Amino acid sequence: MTPIKELSDGNEFIGFYLIKESEIKQTNTTPPKDFMNLTLADASGQVPAKLWDASESDKEQFKALTLVKVQGQAQLYRDKLQVKINRIRKATDADGVSLTDFVRAAPAEPAALVARIQETKDGIADADIRTIVAYCLDKAGDRLLHAPAAKSHHHAYYAGLAYHIARMLELGEFICRQRPFLNADLVKAGIILHDIAKPEEMVSELGIVSDYSQTGKLIGHISLASLWIAEAAFMSGIPADSERVLALQHLVLSHHNLGEWGSPVQPQIAEAVALHYIDSLDAKLQMIEDALDATASHEAWTPPVRGLENKAFYRMKL
Amino acid sequence: MTPIKELSDGNEFIGFYLIKESEIKQTNTTPPKDFMNLTLADASGQVPAKLWDASESDKEQFKALTLVKVQGQAQLYRDKLQVKINRIRKATDADGVSLTDFVRAAPAEPAALVARIQETKDGIADADIRTIVAYCLDKAGDRLLHAPAAKSHHHAYYAGLAYHIARMLELGEFICRQRPFLNADLVKAGIILHDIAKPEEMVSELGIVSDYSQTGKLIGHISLASLWIAEAAFMSGIPADSERVLALQHLVLSHHNLGEWGSPVQPQIAEAVALHYIDSLDAKLQMIEDALDATASHEAWTPPVRGLENKAFYRMKL
Amino acid sequence: MTPIKELSDGNEFIGFYLIKESEIKQTNTTPPKDFMNLTLADASGQVPAKLWDASESDKEQFKALTLVKVQGQAQLYRDKLQVKINRIRKATDADGVSLTDFVRAAPAEPAALVARIQETKDGIADADIRTIVAYCLDKAGDRLLHAPAAKSHHHAYYAGLAYHIARMLELGEFICRQRPFLNADLVKAGIILHDIAKPEEMVSELGIVSDYSQTGKLIGHISLASLWIAEAAFMSGIPADSERVLALQHLVLSHHNLGEWGSPVQPQIAEAVALHYIDSLDAKLQMIEDALDATASHEAWTPPVRGLENKAFYRMKL
Amino acid sequence: MTPIKELSDGNEFIGFYLIKESEIKQTNTTPPKDFMNLTLADASGQVPAKLWDASESDKEQFKALTLVKVQGQAQLYRDKLQVKINRIRKATDADGVSLTDFVRAAPAEPAALVARIQETKDGIADADIRTIVAYCLDKAGDRLLHAPAAKSHHHAYYAGLAYHIARMLELGEFICRQRPFLNADLVKAGIILHDIAKPEEMVSELGIVSDYSQTGKLIGHISLASLWIAEAAFMSGIPADSERVLALQHLVLSHHNLGEWGSPVQPQIAEAVALHYIDSLDAKLQMIEDALDATASHEAWTPPVRGLENKAFYRMKL
Amino acid sequence: MTPIKELSDGNEFIGFYLIKESEIKQTNTTPPKDFMNLTLADASGQVPAKLWDASESDKEQFKALTLVKVQGQAQLYRDKLQVKINRIRKATDADGVSLTDFVRAAPAEPAALVARIQETKDGIADADIRTIVAYCLDKAGDRLLHAPAAKSHHHAYYAGLAYHIARMLELGEFICRQRPFLNADLVKAGIILHDIAKPEEMVSELGIVSDYSQTGKLIGHISLASLWIAEAAFMSGIPADSERVLALQHLVLSHHNLGEWGSPVQPQIAEAVALHYIDSLDAKLQMIEDALDATASHEAWTPPVRGLENKAFYRMKL
Amino acid sequence: MTPIKELSDGNEFIGFYLIKESEIKQTNTTPPKDFMNLTLADASGQVPAKLWDASESDKEQFKALTLVKVQGQAQLYRDKLQVKINRIRKATDADGVSLTDFVRAAPAEPAALVARIQETKDGIADADIRTIVAYCLDKAGDRLLHAPAAKSHHHAYYAGLAYHIARMLELGEFICRQRPFLNADLVKAGIILHDIAKPEEMVSELGIVSDYSQTGKLIGHISLASLWIAEAAFMSGIPADSERVLALQHLVLSHHNLGEWGSPVQPQIAEAVALHYIDSLDAKLQMIEDALDATASHEAWTPPVRGLENKAFYRMKL
């Protein structure tokens, strides 16, 4: 079975795929005929597909988030690959395939990632900081087991957010060992909290973001996280103007570094600068790693990566 | 008695002034002598002054925020006017002068301004919005009677903030009458709340800002106001995710319009756009009015105004 | 009859519409067949439409600016709504419909708007300023009864320009009452003149701009208005270098505020700053009001508004 | 006699200089003494100077634009050279020195430059364009014999404007021969007219700009030139909307290329692009040539040149 | 035979054209049919074309860079012209047409251009500079006879690079005569070397760039040229740190003027500033000349020109 | 002995210091007297100082880079601290103080840092890459034992460059372990080479940069490093167009990420992105660590840090 990212112009193929999006359309012929625009996906990528002459039964069966078996042909259309479906049917239990195998996901167990994050939280020495982080983790709750870190920018997949946090924690711990003047509690707390309100900013299922929430658009995850911290302090009897609360608010509010990138204040404590660059380093390298993974192995260059000045990346042959 | 803004090179003058800043220095002669650098102020402006050969008694008496009677001479030094003090003494009760006459202040009674704001708040139809606004006004408390709206940018004087809010309310009410599709409650609430946390962002006395507070630097008044609204909702049992709370947060967070001007989100409801432009219109016109007021009447041009692309303004002779 | 803005995917409908644009095309079949691409419009919005298998008579009849009765079906095509026309005929006198009912127009009588503007002009106290404003209004002439204020940015409809001016005058008069240091004659004159050359910058019919004129592209409405003022002064025997002429030129030239927005000089009199912000406030709020009006009532968000940082706007449910 | 640009720290010198600026100041000693701050200039540059213990006669004699003989000493003060004057007297007829020898001037006879420009004007083939150019040259009149091209940016000296125009004409004629598709009449006219209103924008004497004029600040030389062209057309009976008038207006209005550089429209005819780059090329190279000339011969680097990204320039030793 | 740039909607035509690009596609009908998307070109421009119902023989014959005789019809499709091919055959010797007649090319003989460049190189007085320039010209070699100066920006055609260099040399020699303080050797060398590595940066055939090379993307032509100069110096025994080598490196590295335009250092010698503006002047005027040439003679405006702020250009009717 | 960073207004102190800069000046009194402006430094910071009434012997003795014993008084002058020297003498052997104790230096042994770098180089698996890195390290030579990483931006002290490289290597090795898809040889080589030409770009002694070199200004360290790599490849018989050489050039050229920050190409391989962010992270955190170290312990805020948006940093009291 060919992974989607390896399809190229002219390929005929058979395989199981997830229908990620589905819509019914009519041709402009007389009389008009119904056809379907589907988006087929597997863990390696996604591709648009056409199902011509769709029957009533087709329209009934092939809805979004359905697993199907497809026999089709890949074709270039206006420089983009698209699939013409010749045969299609719903997957059955007998096929032994499972939905989550067809979703792009972080390369680690969600539960293990969250456990790793909880463990780091438990290791925070300062009681107030630990309490606030714990409160916010609770508030994010189970959403952390599947939420992506972004709609499309980076870590845009199942458990992408937890993976992003867990990897940043590794890096943060290294930096704190290298530079003891940094307050390790603040670095850890900043990493765990910086994107903690993302599951409230975006509406997602299976790691796929369908839209930003009302709250997400009008408030944004940065201010939301700052409100969560205030709530945590209040609920735990920690004074709103304590240096600890101030520091956590500042870490979260400043982590995008510049006003034009969404931060209402700029970093003014060392840990906030560390947080911003640890975040950038992890997000940017992940974007490239993911772009290279999603690029067919015979291609030397990835498509342009939006989060990296829209540059394509080269696969060195060293 | 010559108002400070009318002093020019060579003028000899006598008058009462407020010492706004005061420091003791030593000359580089052998033996060194003590002298004082004072900033003299009245309601029309301020000017640096030198008191040479300062005695112990001088150093004791002439501290900041003291009222004094001065006989001196104005001189240009590196294109700036400065005063050489010939005689100086503290003002006494017999002089019949009062501190607040020498402070730059809004051209309206602080108490009347605050009453006007309270009245507008009482006129808000929606109970939840009114409750939140009332809570935040209480939290600002008496500080509203004297706090300036900024360190130097605009309305930087005694009760400048209350004056700014009161005048914006007049404009806002006009706009709401002109455009009934706007929600007048939100416009009023947005105007009252937009800068409500400024007294916590800046440390001021008599309308003179000495510095930004720790909290002011690390959190900023925009995010602070959003935290106050959250607190108000919580304390009043209004759900944190109600459309009203969301709207008030959004108004406050977006009122600087762009990320590079400090807003973490951009206006996405009509009232937020109205708020931003009402704020700009009032602040910009006040800057010019104040700059013209502070410019000697024989001058055709003001000094450059920082908040207006650093342009000087012309006094038309129409 | 369904207003265009309420059409959605799958709707079948019958109604009268204006053909705003019309072109004849050929299919790529053998033999090729003619079809027509029409843009159907009513006062609520516009939508592209296809008339397949167009006959010679169809091609003859269905030209731009024709009123027609249409029976058709709305369909989503690449996320945009488009109409498939099943039946179409020209409207007749018997139908009792009139062209101007189908054109987007300012919500006020053009003649009343122009009368309002003339009246304000008559109220200008300074004779020279009044003379110049009168001359320029004459030069704009009847075009003011229908010209839009822009191609698509804001007030882009029948009599949009007069409406924009009239509403700005209301706001300007309020501001002058609130801030007596402003010269009301200059504020009024600036508002009337600021966009007065727009009808020469753009080629429009029924408030619909088809293109910018040669002069519009090479000179622009800002410099054009400044040339009109010079001509007015010359024709009326007012010295070209009088303070009044200078002030009016300055108001017009600086009203876009910044060089990158098209102003060759920046505001340097108080009235010019007032003019710029009054213009912004009216234009921006109108954009949102129009965007909300053009959005189907069941939608919570407008499409992105180009003149407002391309943000979508939310219809609060308060 | 040492040219000013060759003075360095510690030099004692005697020579004739022009007093470019003069002001009287008082020391802060008791009793205070008068001293004078002078700016001494010659054709090679200028330097600030102090005359301590100034007598009444000194204050009477040593005003701006006076020629004097000075014996003094150059000293570094805060990294800038300044002169301590030991002896000073007014120059007399017997000294045989003349004011214009001490003023920075274009390296060509003003009358010859203006004659060259007039000659080019006479060579314009199109009668209307020639008439308009002639009118504007008349309006600039004798000011062209001495006006500088800028306050300090480039060609900031006696007859700098005429020199700039004349050299651009040489370059323009070359380009027109190289690229016959360009309309040579428009290129010549554009070059002569592009800065023709500069003498009205700035107040200058002997090529030294003391300030921008009121008109210069509020209208700017670009719009002024466009008004002159309109006046020329009107006075000569050439229709205001003729393609020729339009083209000349466009050349002048667009010659700064971008809005942020002061042009309300961008170049949209080939000759306007040519004009912009001919202007840049001449201005930029002149800045460097002048900066190298004003740099002491033993220095390898000029001071930073503001009009060239504030870069210093290197004198190659080839 | 109609030149491509003169085709308009509805034209039926017969003529010889070059197939610049060719691809085979399938219709979405059942059963699918093959058709071909071709790009037809001649020296005046290019146009997309459809060959429906393509036979096996068609697919075999009509590959890229083939000369064909076509009978077809031009049609507007989504505002762009496209051709429907009715008949097509390969050109034969009997037709007497030659490939190079159908390629856009500089309006001068490539060999003559290169000879002109070599001659200028021979005229460089300084032996070291001449040696380095000669080495780099050798390295570019025969590619100079056909390489374009850019992919699409300017001089994007057969021998465009040599033409660009040759014309810049004419301009450079004029400037050096006008301003003798410039080092003519450096100006000439800078002009010849500034884009000398472009043939290595881009992959081209017949002046048509198919892509940037790996080296072009990762190093860029500016740094490449600097490496060539270093190699030339090394191979010729000229010290790497000689003032001459330094100057040539600097000219090449700084010729894009600003960091955001690709130059790692900014011009700091007069000749580098001259080079940048000579380059701009030649490239920009050529863009307009080419855009006007490629615009049908009845059109007053060119399409937007990307390298000139995306402005359209007007063909004056003087 | 008070470290310089702990001095405050009014302190009288005795201690040993390094004279970093020294100049002789004259007072404006009659007769003038000589005095000296010195910059006193120790490992904690530096401060300007005045030595009034300087004798001939003083002027002879107290030159730059001399160790002295000073008794003086600290005073605020225009908000900056300055020292008035009461007594001063040269340090003698008997004092037991050594020059390098008074110079700001990296907190590690230079020799150990260089050994660490050499060791990493030896661990590069790819022979060609190792050879090129070794060649460039040899070319930098002993300068690596003392060169700073910048004039003032970051790591601006003795052995600052080696320290910067060594710490980046630690971070780079961590990242390569965390993300095995990165080529560790390239990351290591990129880190060692990225600033390797800095000692040629700047003229420094004891880690103090006096100026940029001619070559530094005209070529810049980024292009210089790329020339070194080319030379290394040539000398070692490695083809100039091998993928390894290309990769190393690309790493060096792109490491400033954006054109406006000096990189002629943007990162297009994963290792280049890693290099850029590792560089930023190390430089930014070091700036803050150094700023906090240089701030008196009783101060909560550092002075503004130029390389971090000119923000001051807060010393949390956690």
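All chains are identified by letter, namely A, B, C, D, E and F, in their written order; residue positions are counted from 1 within each chain.
Convention: a contact is a pair of C-beta atoms (placed from the backbone, for glycine too) under 8 Å apart; a residue touches a chain by one contact, two chains touch by 3 or more.
Quick caveat, the model's predicted, so the values are computed rather than measured.
Q: Pick from E-F, D-E or A-C: which interface has over half of its contact pairs in common with B-F?
A: Equivalent chain pair to B-F in E-F, D-E or A-C: A-C.
Q: Suppose chain centres are the mean of their C-alpha atoms. Which chain sits farthest from subunit C?
A: Taking each chain's C-alpha mean as its centre, the farthest from subunit C is F.
Q: Taking each chain's centre as the mean of its CA atoms, how far is subunit A from subunit D in angstrom?
A: 60
Q: Could you please state the distance in Å, as a whole number, between where the Cα atoms of subunit B are centred and where those of subunit D are centred?
A: 43
Q: Residues touching two or more other chains, restricted to subunit C: which are they?
A: Where subunit C meets two or more other chains at a single residue, that happens at 214, 217-218, 247, 258, 268-269, 314.
Q: Provide the full list of chain pairs in touch.
A: Touching chain pairs, listed by label, come out as A-B, A-C, A-E, A-F, B-C, B-D, B-F, C-D, C-E, D-E, D-F, E-F.
Q: Okay, in this complex, where on subunit B does subunit A touch?
A: Residue list for subunit B touching subunit A: 214-215, 217-220, 222-223, 226-227, 230-231, 234, 240-241, 246-247, 249-250, 253, 258-265, 268-269.
Q: Would you tell me which residues of subunit E are touching subunit C in their complex?
A: 50, 52-53, 75-77, 84, 300, 314
Q: Please output the residues of subunit D touching subunit B within their complex, sorted ascending.
A: Residues of subunit D touching subunit B: 23, 25-26, 28, 30, 32, 214, 217-218.
Q: Mind pulling up the subunit D residues that touch subunit E in the complex?
A: Subunit D residues touching subunit E: 126, 167, 170-171, 174-175, 178-179, 181-183, 185-186, 243-244, 247, 258, 266-271, 273-274, 277-278, 280-281, 284-285, 288-289, 292, 308-309, 311-314, 316-318.
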